Amino acid sequence: MPDSQAVFFWLLAALVIGSALAVVLLKNIVHSALYLFLTFVGVAGLYILLHAEFLAAVQLLIYAGAIAVLIVFAVMLVRRGDIRLSNLYSIHFLPALVVSLVLFALVAVAVGRQLWLGYLAPPPEEPLVSLARNFLGEYVIAFEVAAILLLSAIVGAVLIVRGRRRSAP
Amino acid sequence: MANLYWIPKAWLIPLLPALAFPFIAFITRKARGLSALTAILAIGVSLVISLGVLWEVIAHGITMDNPVEYSTVWLQIPQLLKIEAGLLIDPLSAVMLLVVTLVAFLVEIYSIGYMEDDPGFSVFFAYLSLFGASMLGLVLANNYFMIYFFWELVGLCSYLLIGFWYHRAEAARAGFKAFVVNRLADFGFLLGFFFLFIIFHTFNFRELAAAIPAYHNVGLLTVAALLVFTGPIGKSAQFPLHVWLPDAMEGPTPVSALIHAATMVAAGVYLLARAYVLFASLPNVMLVVAYVGGFTAIFAATIAIAQRDIKRILAYSTISQLGYMVMAMGVGSMTAGIFHLTTHAFFKALLFLAAGSVIHALHEQDIFRMGGLYKDMKVTTVTFIIGALALAGIPPFAGFWSKDEILAAAYHNGFLGLYILGTLVAFLTAFYMFRLIFITFFGERRAGLHGHESPPVMTIPLGILALLSIFAGFVGTPFTARGFSTFVYYAAPHEVEPDYMVMALSTLVALAGIALAWWLYGRPSDLPERLKESYRWAYNLLWNKFYIDEFYLWIYRRIFWGLAEAFHWHDRHVVDGLWDGVGDVTRASGQKLRYLQTGNLQTYALVFFTAVVVIALWMAGMGGMIR
Amino acid sequence: MITLNHYVALSALLFCIGLLGALGKRNAIAILMGIELMLNAVNINLVAFNRFLQPSQVVGQVFALFIILVAAAEVAVGLALVINIYRRRLDTNIEDLNWLKW
Amino acid sequence: MVNFGLLYMEIATAALGLMLLAWGLLVPKRERQGIAYLTAAGLLALLALAWCTRGAAGTVLPGYTIDLYSIYFKSLFLTAAFLATICSFDYVAKMGFNQGEYYALLVFATLGMMVLATSGELITLYLGLELMAITFYILVAYRLDDPKSAEAGIKYLLLGALSSAILLYGFSLIYGTCGSTVLREIGKRISSGQADFALLLGLIFVIAGFSFKVTAVPFHMWAPDVYEGAPTPITAFLSVGSKAAAFAALIRILFLGFDNQAFLWLPLVTVLSVLSMVLGNLVAIPQKNVKRLLAYSSVAQGGYLLLGIVSASLLGIGAILYYAMIYVFANMGAFMAATAFYNNDRSDEIKDYAGLARRAPLVAAVMLFSVASLAGIPPLAGFPGKLYLFSSVVARDYSYLWLALLGLLMSAVSVYYYLQIVKAMYTGNPAPQKGALQVSRGMEVAMLLVLGILFFLGIYPTPLTNYAFKAGETLFMP
Amino acid sequence: MSFPVLSAILLAPVAGLLILLFIPEREELTIKIVSALATLVSLVLSVAIYFLYDSSQGGLQFCEEISWLPEWGIKYSLGVDGISLPLVLLTALVGFTAVFASWDIQRRVKEFFIFLLMLVAGIFGVFMTRDLFFFYLFFDMAVIPSYLLIIIWGSTRKEYGAMKLTLYHVVGSAFLLVAIIATAIYGAKALGYFTFDLYSLSQVNFDVGFQKIVFFLMLIGFGVLVPMWPLHLWAPDGHVAAPTAISMLLAGVIMKLGGYGLIRVALWFFPEAAHYWAPFIALLSLVNVIYGAMVAMVQRDLKFVIGYSSVSHMGYVLLGVAALNTLSLDGAVAQMFAHGVMTALFFALVGNVYQRTHTRELARLGGLAHQMPRVAAGFLLAGLASLGLPGLNNFVAEFLIFLGAFGREDLMLGGSLAFRTVAILAISGIVITAVYVLRIVKNVFFGPPLPEWEGLSDVRGVEMVPIVVLGFTLIFFGLLPSLQINMIDASVAPIVAKIKAAKAIGGIF
């Protein structure tokens, strides 16, 4: 009987792909948002399978928790007209479909023929410690830059959303 | 050449009038008297030096074979080209110097009277000085380059003087026509001596004279000779480039006298004489020269019969006489040609100046509107008749001896046809000259006509020229020992033995011409009218100068101008269209491509990803990845 | 037995679905959702490579974490802009946002 | 021990940004102007710092090395930022709101560019890229009262996000196939033989990502709309800074990472370059709006810079570095003039430029000589730049003569549409009521500075040439 | 030479330019005087070095050199030899007289003279430099000033004319720059070090295939300026649109840049290609001459006539270049000088006519000699020079070209008939030139005085400067050509020697 790993993988894969398709194909923007939430949860599950527990947690927290919710709020804010028809196809749907299929085919072929050269080794004992050592060791510049990035993003987002208050002369 | 005094000063002859030109043009322009004086003084001194030169040429026995030559290098390109500015003094140039300076001197004096009430008085004298300088320069030149140099300058002066009264449109047009026709001839002349240069690597006459006989390739030499001959055809108004001379009569009469009768038009004949070795060594070229000369003579003489304008008649007579000289060259007697040139210079200048004084008095040029002038203008009439007699070739006048020598030469050298033609021309010349005399001087007085004699300043030159027309001939008569033929000759001096038959026949023919003229025009009769009616076509043909002018105009306007218009159209539409077209295509493509930018964000994204996919497929295909 | 290829194939599929979402939908927020899917696909790819090819290191996961961080920032700014455009033009339909063209 | 001292430039810039942010909050509404001068002074100080310590070299982290190449680009970004700040003195004052944050974001964007240009390691590079990108998304949409700016913002964000998604996918594939994210390692691991398809796909996705930033055709379509919509100083800074940073990173990736696979990506880059030059110039011809015209001209300039990569030689890289710096001055000059005009007449249409020469001779002169320099007409700095670029291409081999000729013919076409602006400025007669243009003192000084540099480098290009070509060499030193 | 005279000549206009910047717009007279002084300094110095130049020794004299860009081998090196010195003198002359020809400019005087001096400085640079980089830098420097000068102060269809002229020049210089780059790089490979110096590059023997391509590129680049036939259309439209001073400079000097470039760069570097392309250039020169002259004849606008006449005359220069022998090349350089002076005089006079009658249509002009005798005399002098009257500079130049083309030493007798027929047809151009020049003189100046032009005033005082200066030059070098030809011949000899040495591969057809 296939071991538990494989079963979980196929379940989670089906969940992710199914809900992703739903996000794309449904006409109601709210349903899409909800299915997006489901996709993120599915992906978190996959991370767990890949021994990236911390990452799964972060995924759940930020993606599923923050981003999906944020999107739902945004959808509520810009609701106009009939919500059921709020997310129709654009004029380029068919060509987009073709392009994505061809792209998928290309990547699939590329990956299929690729003989991945890697080495077998046990995952590090405390993944969290090595993660932290990386963040503050090798990638400290990236870390700091990320901090500033978040700062400017927040400042910018608030600015733009606040819009023109009569306060400034 | 021990103690030559005058000849070393020969370079002053052209230089003095040359300096007079800027002097008058810029300094003494306002003072009319001073300008005239400067011009006359300049040409006078040149005349004196020319006389000195002639005297030393005779005294020191400088002959055609060993002339005196001074030359300095004007422009030198090592081993390739040496252009020198030099003087060649030999009997031929000495004679020409005398003729040119003398006639110019007399004409300038005459002009004081003729041009006195003309606003451009001093400018006229400036131009005359410039003409004198360039004509004398041409005569003294010792190489083809220098002759061409002054050849064109002389052409310029004739252009300026023909178009002197530029307020008259016809004068401007005549000047334009003269210059263009001369330019056409000069183009041929230039090519001619280019050919000589690439064969012999020199322009110098004496070096060429030494080299040409030894040269074997007759074909190329013939081409060169014919091309050089186009120069004289243009300058001496031979057929077919004669059309400009009759129109040149638009210029003031002293100009016609000096330039278009005596000197400049003779430059062509002078060139033939100077380059005679080139023609003499090519028999078939000589034939061409002879027949061109002959045909021009008869052709011009016939037209002269039907003309009404006094200056036009004299113009055609000049063309006819020039044809005589060229024929003389063609038949082999250079001496006869130059001798006729000299005598012709005097009596033709006389005729023009006399006609000038008639025009000056009556302000009228159409002979049928004049009559009976002999009563008021005694001196002009007498001098005119002397000139006419000399021109017609009545002994003992100068014209008779020189024309007789040409006819004798033609007869003796076996050109029987040309001899008969020459005699016929003599008859026609006599006829149209005395037709003119009987109508203007002896016909009945037109109403309201009052001629008055010209002032002495004009009549004195007439007198001098009349004397010359009478006695100039004795220099070269067959009877005088060591005459003209021993002085100016080609190859060897030769004594001319008299040929009574030719002399008698030509005199007889001239008298017949005069008689016919008297019979038709001397006494009142309607015969000329009836003749004109019966032979209407012939009269029209002659009156319209065989429609050659119209033919040339047709070529100029239809073919030449048409081609130019075609080029213009081609330039504006085809070539310009092509390049502007390229510009428009770029701009249009910019316009079209602009609309790719639809503004829709997803179009951009679609293009982005399609490009990625296309590149991936192309790179994969190129790299032979798939399949 | 689940190998690396499964994960990469899955990630490619998810990427293409996200792409379809981004290009094929008319609503601005839907495009954002599409982009998020594509970024998730990249994360799966990275974590999978890390797990199968470089098990001893955690570079892939670090990269994934940074990507999540950036994605969050991006969504924040993106939604702010969407709301800003909505406030101006009362419409989040991409096909109408074409004042800037040619 | 990791030598963080070498990061003085990045740290100082971040500090400046944060200080500005704080200053913006603390200081009361009235002296907003102070912030602008503070920013300008700060950037100038940083520039001076970069200039005197240009000798510094060393590696901070495996992927992050400080060398002349990175310092050259840092000084380029700081110059661009400085000029953009001066450009926005009046512009932002007239906008009236959120001044403090504007300048802070500007500095953060510069920081992003620095990190992008310096890092030799994919993760840090990506984060530098994203910092720059996100700050620009905000800055582009900064004119809150203008719908065009909003539309430009949303367009730039969505397309930017898509391009970075494809870029990331490329990075992941490269990481997968090569096992490392440090470019030098990747370079060692890639054999010069037949690359496997996944790596090739990765490369293509990365090139597509960067082509978006470099506005190479056919990935350029966002540029005209965003350039036109964004506030003019930001358009200027975007067209110069973002493009130069992207080029710095692209050169690093292609020449350090994929040097052995050059035969693969050279034809691709050649095609991109040709398309950019041709399409950029052609579509610029019918443009009526100055900013949109300069956008297409910027696409074309991207094409010329790509030529430097096509030449795949030290000469080429030095030429790109030289031309990028000249491009900063020329483009900034043109946009300064456009801003000055916009501040007075509120319009960017070329026909409104009629008679500008008589109303504001200095502004007209700056526009004239900047545009002439872009076209590469001597005696302005553009000419030596183009000369180096085309020489480097022809030096590769003579079969590229046609490419140089195409480039020059296209810059001949560019002369046509640049002169359309000049014609309007110098012949038209201004609308009756419009008086002389008031231009702020700082702007005039900057314009004179730019003019001086354009002429000086045009006639005596040696100082910058030596600096650029030495910087080019340090890239390859291990 | 201790005193850097060439830099002085080059920088005098630039100095004038800078001084003008600080003179307020209102002081129009001082502006004009400053410009006149600047160009006068250049003129005096040019005349001085013209006569100080020792033609027996030949070669480059008055050399100056500052190392400019060591890696790229670019040096700010100036030097004049027999070919460039007459053209430097020409630039000085035309520049000086151009200032006086634009004495009556009213609008925006300051900007006008600033751009004018910029133009003159640029042209000086081209003739003096010994370095390809600076050759191109100065060559292309004229683009902006000439464009601005035409669109602001031009006359009929100035936008179209200015843009057309600029685009032709820019496209032409694009071809030229590619050729220069190719040469420099080939030279770098051959010599081992990167250099733009003319002399060292001329030592490199390029392979024939390379030569043919690069010579053709240069032919287009320079051909646009000469102007060679199919690329000539900027000349008429440009001249009609340009103000007087600019037409003088354009036709008088900028056209010579093309001819000078062909001789100094194209022929000197690529002798084999010269042989290969010579028949092609000869044919085009023939078209230039005949086609240009014929079209000039049917023009209705006075300036168009002179524009096309320049096309025709520069055709002679092309013929001289195509004949590839000492005589014709000497003639070509002399013709460039002579034609420059003559066309400048023509345009100055047309400027005077236009400034008084405000029209250039031949139909309306007539009998102007009555009102303007001096202009008429000047026009006649220029006209006679253009049709090659002996005693004026053009005659000697054209004579040498014709003799060179007609009697190429290697083509003595058996020489290719084709080339000689081309030469003969080209020489016939002198007749057509006579027709259209004298037709203009007849229609415009002679003939009855028209009531319409009754009260016109003649040129006086300052406006006489162009006529006197240029007229005197035409006559001076017409009577004493050795002063000019000896100097030119000394410098043409090495080029012709190199061309002779190159084995004469067959012509293009």
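Each chain gets a letter, A, B, C, D and E, in the order it is written, and its residues are counted from 1.
Following the convention adopted for this analysis, a contact is a pair of C-beta atoms (placed from the backbone, for glycine too) under 8 Å apart; a residue touches a chain by one contact, two chains touch by 3 or more.
Every value quoted in this text rests on a predicted model; they were computed, and no experiment measured them.
Asker: Can you list every chain in contact with both chain A and chain E?
Answerer: B, D
Asker: State the smallest step count from chain C to chain D, taking one step as a move to a touching chain.
Answerer: Between chain C and chain D, the shortest chain-hopping route counts 1.
Asker: Which chains contact both chain A and chain C?
Answerer: Neighbours common to chain A and chain C are B, D.
Asker: Comparing centres built from CA atoms, which chain ends up most distant from chain E?
Answerer: A
Asker: Could you say which chain's mean Cα position falls nearest to the mean Cα position of the entire protein shown?
Answerer: Of all chains shown, the one whose C-alpha centroid lies nearest the global centroid is E.
Asker: With chain centres set to the mean of the C-alpha atoms, which chain is at the far end from chain D?
Answerer: B
Asker: Looking at chain pairs B-C and B-D, which one is connected by more C-beta pairs in contact?
Answerer: It is B-D, judged by the count of C-beta pairs in contact.
Asker: Suppose each chain is reduced to the average of its Cα coordinates; what separation in Å results between chain A and chain B?
Answerer: The mean C-alpha positions of chain A and chain B differ by 103 Å.
Asker: Please tell me the distance, in whole Å, between the geometric centres of chain D and chain E computed from their C-alpha atoms.
Answerer: 42
Asker: Can you compute the centre-to-centre distance for chain A and chain D, using the mean CA position of each chain? Integer Å is fine.
Answerer: From the centre of chain A to the centre of chain D is 31 Å.
Asker: If you average the Cα atoms of chain C and of chain E to get two centres, how far apart are those centres in Å?
Answerer: So the centroids are 65 Å from each other.
Asker: What parts of chain D, by residue number, touch at least two of the other chains?
Answerer: Within chain D, residues 123, 127, 130, 134, 137-138, 141, 144, 153-155, 158, 162, 166, 173, 176, 179, 197, 200-201, 224-225 contact more than one other chain.
Asker: Using the touch definition from the top, which residues of chain C touch two or more other chains?
Answerer: Touching at least two other chains: 8, 15, 18-19, 22-23, 31-32, 53-54, 59, 62, 66, 70, 73-74, 77, 81-82, 84, 94-95, 97, 99-101.
Asker: Touching two or more other chains, which residues of chain E qualify?
Answerer: Answer for chain E, listing residues that touch two or more other chains: 167.
Asker: I'd like to see which chains touch which, written out pair by pair.
Answerer: All touching pairs, sorted by chain label, are A-B, A-C, A-D, B-C, B-D, B-E, C-D, D-E.
Asker: Could you list, by residue number, the parts of chain D that touch chain A in their complex?
Answerer: 2, 7, 10, 14, 17, 21, 29, 60-62, 64, 96-98, 101, 104-105, 108, 111-112, 115, 119, 123-124, 127-128, 130-131, 134-135, 137-138, 141-142, 144-145, 153, 173, 176-177, 179, 196-198, 200-201
Asker: With touch defined as at the start, can you tell me which chain E residues reach chain D in the complex?
Answerer: 68-72, 133, 136-138, 140-141, 143-144, 147-148, 151-152, 159, 163, 166-167, 170-171, 174-175, 177-178, 181-182, 184-185, 188, 210, 213, 217
Asker: Mind listing the chain D positions that touch chain C in their complex?
Answerer: 122-123, 126-127, 130, 134, 137-138, 141, 144, 147-148, 150-155, 157-158, 161-162, 164-166, 168-169, 171-173, 175-176, 179-181, 224-226, 228-229
Asker: Touching chain A in the complex: which residues of chain C?
Answerer: Spelled out, the residues of chain C in touch with chain A are 1-2, 4-10, 12-21, 23-27, 29-30, 32-34, 36-37, 40, 43-44, 47-48, 50-59, 61-62, 64-66, 68-77, 79-84, 86-87, 90-92, 94-95.
Asker: Could you please specify the touching residues of chain A with respect to chain D in the complex?
Answerer: Listed in rising order, the residues are 106-107, 109-111, 113-118, 137-142, 144-146, 148-149, 151-153, 155-157, 159-160, 163-165, 167-169.
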